[in-house]
Each structure stands twice: as C-alpha cells, then as structure tokens.
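In the two complexes below, chain A is the common chain; its partner is chain B in one and chain C in the other.
Moving on, here comes the complex of A and B:
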C-alpha cells in the first residue's frame, strides 16, 4: 500500500494513467448502462450510444435544420455574445472593487450595498429582471452580471485592501499621483488574482446564462438544451453539454496561460 | 497499522461505490408496487383526490397491488416515465407520441380523461387579428401543445410559422412577462395562466383549443409491457378513476367537497377551478371515452398531431415521415408503421368499467 502514502512517487506514465482512470471509468459505466438499455429497447433515447450522439452532432453542427440553420454554431454564437458582453462589463466590477479598496468615499457608498447584494440569489429575481429589462439580450446579460458582479467587485476590493499600505505611502513620498498609485502600483499587483477569480466564476456565469436562456430566448446553448428536452433528444443534449464544458475549459486555460505569460512574477498557481 | 487501515477503508469505499452504481444501473424489477406520476392540470386533479379520499387505495387493495402517486413537474414526470422510473404517467396525446412512443417505450393510453376545450389559448393585446399577426413576436413554450395550437391557428388562416416570430418562454413566468411587456402582442399558453392573463384589460382570446375540439387529449399513459404483465394495475386505475368521476359529476355538496379538495391541490379557488373545468371537456363516463376512442374523429385529430410532431423533428431528427411511429386504435387499425407500434389506444379496461365488470 505504498502508493497511498504521502511520499509516493509516480513516473509520468503512471501519473497520466492514474489521471485518466476516472475518466475511463465514467465513460465505461455510461457505455455499459447505455448498452444495457439498448438491449432492452433499441430505440432508447435516454442514454444514446456514441454513434447516435455523433449523429446528433452532425445534425446540429454540419447540417442545416428544417429552417436551414446550423444550430450548434448559431447557438454558440448567441451564447458567446451574451457571455462576452457580461465579461466586458465585469471590467466595471474590477474598477469599482479597486476604488472601494483605495478610496474611502467609494467604500462608504458601495461596500455594504454590494456585500448585501452579493447574498441576494439573483435567480429568484429573474421574473423581475424580465419585467425591467424586457425579453431581449439585455435581461440575460443583466442576470449574469447580477450573479457575478458583486463577487468580483468584493474580491477585487479585498485584494486592493490587502496591498501593504507602505507601498501606497512610498508611492506618495516619491511623488506619485492618486491615479498612478491606483493604476500603476495597486492594480498590476492584484490583477492576476482578479483574473483568477473571474476565471473561477466562469461556471457561475454559464449557469446564469443557461437559466436566462431557459426562460425566454430564440437561440443559445441553454435554450437548445431546454427545447430539445421536449422530445428527449439526449443525443443532442449530451454533445451540447460536452461542448459547453469544453468551451469553458478553453476559456479557463487561456486566462491561465495569459497570467503565466503576462505576470511571470506571479507564482501563486 | 494506520496504513493498512487506510487501505482497507479505501477498498471498502470503492466496493461500496461499485455496489451503489450497479444497483442504480439495474432496471427496477417488476414488483407489486406501482408508481404513477402526475402533474398539476385541471384534467388530472381527480388523481390526487382519488388518493386523498382513499378511493385509489380501495381499488388497489381490491386488486391486491399497491399504487403510489408521485407529483412532479410535467416534463420531468414524462422523462421519469420514459426512463422507466414510474410505470404510468398523465400526459397529452402529443407528448405521449413524441416522448415515450418516439423513444421506443411502448405505451398504452389506458384512460382518455378529457380534451382541452379552451384550456389552451392564443391571447392577444390591442385587438390583434389573424390579419395583423404577421411579423409579431409570440411567446410560448416551444414544442408543446401551445406551439401546436399556434400552428393550427396559422394553418386555418393560411399563414406559415415563419410569418411570426416564436420566442420560447418558460411557463413558470410566461404570464407576468407577457403582462408587464406591452410590446409583446401575443402569447400562447394554458390554464390556469390563461385565466390570469385574460383578467387584464385590453387582452382578448384570438384562438383557443375550443376551436379545435378533441385534438389536445389528456391521457393516462401506462407502459404496455407492465400493463400486459399486470392487468390488475389497469383495472385498479380505471376503477378508481371512474369512481372519482362519479363523485365529481354528482350534484350537491359531495361534488363540491371533492372539487374543493382538487382546487386546493391545484392551488386555486373553487370558483377558479370550476371555471377551468368548463373549458375542459371531461369524459365523465367510461362509455363516452370509449365512444370517442372509437370515432373516426380521433384518427383525424391524431393525424394533425403527428404531422405537427414530424414537421418539428419531434419524432426524431432522422425520421422520414410521420409514419415512423405506429398508432393503434381500439378497432385494430394502425396509423403509421405496423412494425413499430408504440402508441396504443386500448379501451378494453374502460369498457370493463362501462359494463360494470370491474371488481371493487
């Protein structure tokens, strides 16, 4: 039982095999269960085979549907736009958090409000959002923002607060302006951490996106999943879920690489 | 010591996980207990009443089985039925065709409970008409009977679905969303939401299921295999249903008490519930349901529904025609593929009830 000890060492191959084992196990369990279900009912739709899922991919990604839409790409683009706008608007959250951390006025006005707002379950407010912002894109972007904006702002705030005061004073004695201290000393230091927080909040953003799209939409990854559920098209839903996970994973990876490249001094990961 | 202890408990955990996984993956064995899923809808409220009043238990006992009613969300309940987690489930003819039947789950429409006679409606603002609806945004839950109703409306007015813009809107919020957005001119939904929307000024009904009577049918679907193996289940369900129907159609305080209980379960008042019943064409007697199932009308109506399902890809993305699923009628005729009959109208149990041949 050496391999369970704290001091166990694994070569690259063993390590890779160990990492792969759970993936393989999951897929094997799925395939077995799917096979069993298909033996009982060859038309089973609840756990489609790989072949059927590939057909689902073909039908959505490479063939037009009855309206001539290549659904997977239409949906991906619609969802990506919503996520993109929200991510852009998160710059505001970072900006606000930074200012709350450094300027007492911003802290006094926003801190408690955002702290409270952070605890409001945004999903429960969905109907109100739709009433205020209509059924269009705005309400979906706002839902995502409401969901993650406070978290990002608060995180930035805490990190800005944690920058040693001595550095700010030092900057001042060397004649730096407030703007210089804010954007030249504090922001670059906390940026990698803030990016990490945004990265870790992707999952929440995707959840809010799906929730928004399930309620009122004409396209989008979440929209499609809810619509095709009406005829138990798991052969479309499963590839969609994998595709979404993959996209989120790639976005996550890109940010990690960016942090590594841009902030070489940052060692936290 | 600690190391081997760790190892042992680790192996034990793995073993336990395996056992759990296996037991979850094996299909439920046939047993004396049957699960029936239901969801809130005026035409299905007799079920929870039958349970609460003991009628269901009485019939189950008489046939020596146990029946458990489970309340679920509509789509989730059908998904549970298709996955084999419940033996029977209430649903419309359309969902029965495109969810279980199209997924190869051979299902029998054991009870024809009612048809929607106004419970589904296309509601409009500002006196919109068939002539001015072109190009409008219409909120509805896509691929549901609402969508079907809209299609039938457009068809009757020589319009295409592309002439309007369908916005998929969740039924949980479709009412408030429509009421608060004046820019939204049209919505298709079902009761009790129709009733809530209708009460507001400036809103009128342009088309309802009363304009296509008998097309949207509410059924009790039972897994055909389970039913064949356990006729007792069919007899108990049918017996309990028509006894409840009898209570409901009686006049006076007994019926009001029953309707009040149903309204309570549906979270509406007795007045509201009664007004919803008015737009529901209940088959209060087994005889009436049997007659409807034997009519030529039901075949024509099912054809409308299956053509809609096919056009919208609900019978499978690769389906070549509406004929992929076979629908069997009480007289033995089959609509669609004879080798793939997965939707059966079986009136034999209802006939027993009509003839008073069911053991109580």
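Moving on, here comes the complex of A and C:
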C-alpha cells in the first residue's frame, strides 16, 4: 500500500485526479439518486435533475421575475453589500486589537470587555438588534459585525503582542515615533496573519448573514433560499447554495493570492 | 580624549527585581562606570549576572532601581536615536527589504508615519537621497548587491551586518550590541569580529558590546569589563553583580588576529575566568582589578573599611 504511506509521492496529474475524485463521486451519487427518484416519480421535487436546476438558474439569473428583477443578481448584490459593509467595519476591530496589543491603556480598558463580549452568542443578540436597529440593513450588518468583531480584535491583539519587543526597541533607537512603530513596524508584520484570520472568519460572517436574512429581509441569498423552501424549490436552493459556496471560495482565494503577492517575506518566515 | 568629560556616566546604580514571592532580588549592586568617547567596551560575566540588564539601562529600556545613568550629562529615560542597538535576533524588520531596513531611521525621522504624505513629491525625492546614502553603507558592509533582498533571504552574518549598518546610518553616540554574534558559526563569527573592528575604526564610534565569549571580549575590546556576582565584601558573600574587573587590553587597538593566539591573550582569559566566572573563588572587593584609566567606584564603608 505504498500510496497510503507517509512518504508517498504523486505526480501533478495523479494528484489532480485524487483531488477531483470526491467531487466526481458526490455528483455521481446525486445524479444516480436523482435518476432513480425520477423513474419512480417524474415530478419529484427533492432531487431535481441537472436540466431542472439549469432551468432554475435561467429563471433566476437570466429572466426577470414579475417585477422584472433578475433575482440571483439582486440577491447576490444585497448580500454582498451587507458583507462588504461589515468587512469594512472590521478595520475597527483590527485597529482596536493593534492598539490593545501595544498600548497598556487600550489593553486595560478593552481587553476584558472584549473577552467577555466574545462569549456572548451573537445570534442571541439578534432579537435585541432587531428591536434596537429595526428590521433594516443596519441590524443585519451589526449582527455580522458583532459576530466576528471580538474574534478579530482578540486575534490581532495577540499577534501584536507576539511581535518581539526587540522590534519596538529597535524602532525607538532609530528615532521612530509611536505612530511609526504602530503602523510602520508592527501592523505590516502582523497584516498577513490578520488577513488570514479574517479569511477564516468569513464562514462565520456568512453564517450570521444568512441567519439575519432568513428572519427579516426583502432580498438576499439567504433570504431567497428560505423563501423558496416553502415551495420545496430545490432546483433553486441547490444552485444558490453552490453559488454561495463558490463566492466564498473565490473571496478566500483572492485573499490568499493577495497575501502571497503582497507579503512575499511572509511565506518564508 | 581622556580630558573630555565622559559621555556615559553611571553612578551608584542598583537594580533589583522582585522574585516570585515578591521579595526584591538584587541583580546589579552599586555599579559605577564612566565611558569616554571612542572606546570599544566589551562586557563579560557569568550567565545571569545582569550583563543584558546593564545594557538595557544604557539603552534606556529599563530604569535603575536607584542611581543615575547619564549620557552627556542627561539622565536617560527612554531608548532614542542617541543609542543604536544590535540584538542577537529580531534586529531587522522582516517586512522590509535590506535597503528599506537601512533607511528606516532616516525615513522615520524625516517623514514620521503620515507627515511625509503631505508632500509626497518631496518624500520620494528624499527617499531617493536616503537610498543613495544607504548604498554607501551597503558597499561598506559588502552587501551592495543585496539591497532589494529581504532579511529571510540573507544568512545570519549578513543579517547582522545589515543590522549594524541600520544603526550606524543614524550616527548614534553609542552602539550597543547584545551578544550580536552569539548565533553565528565560528568562521562567520571571526569574520564579523574583524568587520565590527573595521567599522569601529572608520566611524570612530563608541561601542558597548556584551558577550559571553571571553576570547571575543579580549580580542575586540579596547577595554574589558567583567561583571560578576561571585565576590565577597567585609560582610561576606556579595549579593548582585558588581564590576569586578575593568581594564584596558594590552597592545593597542584594534589588534592583529595573531593576538588571539598570543600568551597575553591566554593569560587575560584565564584571569577573567578565574576572577569573574568561578563561583568558588570569591574575590574580596578590595582586590578587584580596576585598572582602566576611566575606572572609578564609590565604596560603601559597610562593605570595605579599608578605602578612605
């Protein structure tokens, strides 16, 4: 069983085939099951065929609905805006974490508070958010933000603290101001790690997005799948789920590529 | 040079840290020290004797529990650009290229963090000038071709050279070095020793060099200082390290490499090893070898009645 050994080596083709195998298997299982179900009941809604799903995609993406909206794009744009705003606001979390790590005052004021805040289940805050901020966009953005803010801030804090003190001292002996040490020495060094953390927390953000949208929204990817669920419209739900995963995967990939390109020194550390 | 007032002056400096029960433990006990400009001081001593603490005092990263640390007559309170430092590790900024590491100080001083962006054209112009200046240093350290490399692409010795250039370009009053060659292999180390002597000669700077290697200390230093907690006073065994030896090295400076293999060198190393590093040999403070022309000390009469 050489291919199972720790020391197995695979060529590029073999390893591509191995990587593809589970995807292919899943699709094959689905198609078979779908086919069997359709043989029994041609109107089966639970496992639509590829053709039906394509129709679902066509109807949502390339044809207007009764109002003339191209739903898939409207939904994607609505969700992307919510995610985008909250991601932009995460800059605050990074800023706060950085300062907590370097300035004792910020550490004293914020550390314990955020540590506690981190333990509050964000979804439990959802009703409160709806009550305070109403059912509009703000409460959904806040939910996403509150859900990951403490994690990002604490992670940045730990990373800023982990930068060797020697670097700060060195900066001072070279005449660097506090601002220069903060934003010119420490921040750039932890930036790739911070980006990675944001990347890994993307999943949680999407989770909060869908939770918010499922309860109160008029458009959005999460909103849509919960609406069409009532009609067991699997031919729409499945493409939507795949589309969401694909978008998340691409976002993740872009950040990874950016880190690789922008922070060449980081990989070799 | 001797007539000039000492640039660095430490008097009656004590440092103690609380141990884990909260009781103070003396690390440095009554350190008196004067340093003239242009001296190459090496500091040796048993591990844990407080060499690095002394260095941090001069750096300003730490304040003495008691006593005065003066640079050019002014009490030190924080690290600043008057004292450059080279650590054993973490000296370079990993996210900056070699040339950007070297011009970091000049750039920080001229442009701050955000100030430079008010006049981006001027900043670019100045940075170009800084890079040209850095090129001179890069040539001096023999790394002219490595300007655009990142620290992780350099060997340990190269990194330390860059760290030295990075400090030197700021023309500090004193260059502090904390076991800078401790992590290097023997050959690189010898090469770096010659390198730092060359730089010292060229820049006419003052160096304060902490090491645990006695040969290195005797070879590099124009003045060797032995810090040790193994000594006794009239009241018995001493607490916390004192300067137990402070003497000039013979034969001019810098020394030819043959000096490393000379009898004088062997004698000096053996003497330091015996008087400073041997925990079973407790020299009385009256016998300390404080023969350097700048050496001085204030003696607590409780520790030694003899001196008037």
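We take it that the second predicted complex is superposed on the first by the 267 of 269 C-alpha atoms of A that agree within 3 Å, B and C clash if a C-alpha of one lies under 4 Å from a C-alpha of the other, contacts with A are read in each partner's own complex, and residues count from 1 in each chain.
In the analysis below, contacts are C-beta pairs under 8 Å (C-beta built on N, C-alpha and C of every residue); 3 or more make two chains touch, one makes a residue touch a chain.
Being a predicted model, the structure only gives us computed values, none of them experimental.
Q: Label the relationship between chain B and chain C on chain A in the superposed model as either fit or clash.
A: Result for chain B and chain C: fit.
Q: Once the structures are superposed on A, label A:167 by its partner contacts, choosing first (chain B), second (chain C), both or neither.
A: After superposing on A, A:167 lies in contact with chain C but is clear of chain B.
Q: So, A:185: does it touch chain B (first), chain C (second), both, or neither?
A: second
Q: Determine, for the superposed model, which of the two partners chain B and chain C contacts more residues of chain A.
A: The larger set of chain A residues in touch belongs to B.
Q: A:104 contacts which: chain B (first), chain C (second), both, neither?
A: Once the two structures are laid over each other on A, A:104 reaches no partner at all.
Q: In the combined three-chain arrangement, what's the angle at chain A toward chain B and chain C (CA centres, steps of 10°)?
A: Placing chain A at the corner, the angle measures out to 150 degrees.
Q: Give one of first, second, both or neither to describe whether A:217 is in contact with chain B, with chain C, with both, or with none.
A: first
Q: Quick check for you: in the superposed arrangement, does A:121 touch first (chain B), second (chain C), both or neither?
A: Touch partners of A:121: none, neither chain B nor chain C.
Q: Compute the least Cα distance separating chain B from chain C in the superposition and give it as a whole number of Å.
A: Here the least C-alpha separation of chain B and chain C stands at 40 Å.
Q: What does chain A use to touch chain C in their complex?
A: Where chain A meets chain C, its residues are 164, 166-167, 169-177, 179-180, 182-185, 188-189, 263-266, 268-269.
Q: Could you pull out which chain B residues touch chain A in their complex?
A: 3-4, 6-7, 10, 21, 25, 27, 75, 79, 82-83, 98-99, 102-105, 137, 139, 142-144, 162, 165-170, 172-173, 176-177, 180-181, 183-184, 311-318
Q: Under the touch definition given earlier, write down the residues of chain C that touch chain A in their complex.
A: 59, 61, 78-81, 83-85, 87, 89-91, 93-95, 104-105, 108-109, 112-114, 150-153, 166-167, 170, 172
Q: Under the touch definition given earlier, write down the residues of chain A that touch chain B in their complex.
A: 1, 4-5, 29, 32-33, 36, 40-46, 55-56, 59, 65-67, 126-127, 130-131, 134-135, 214-218, 223, 226-227, 229-233, 236
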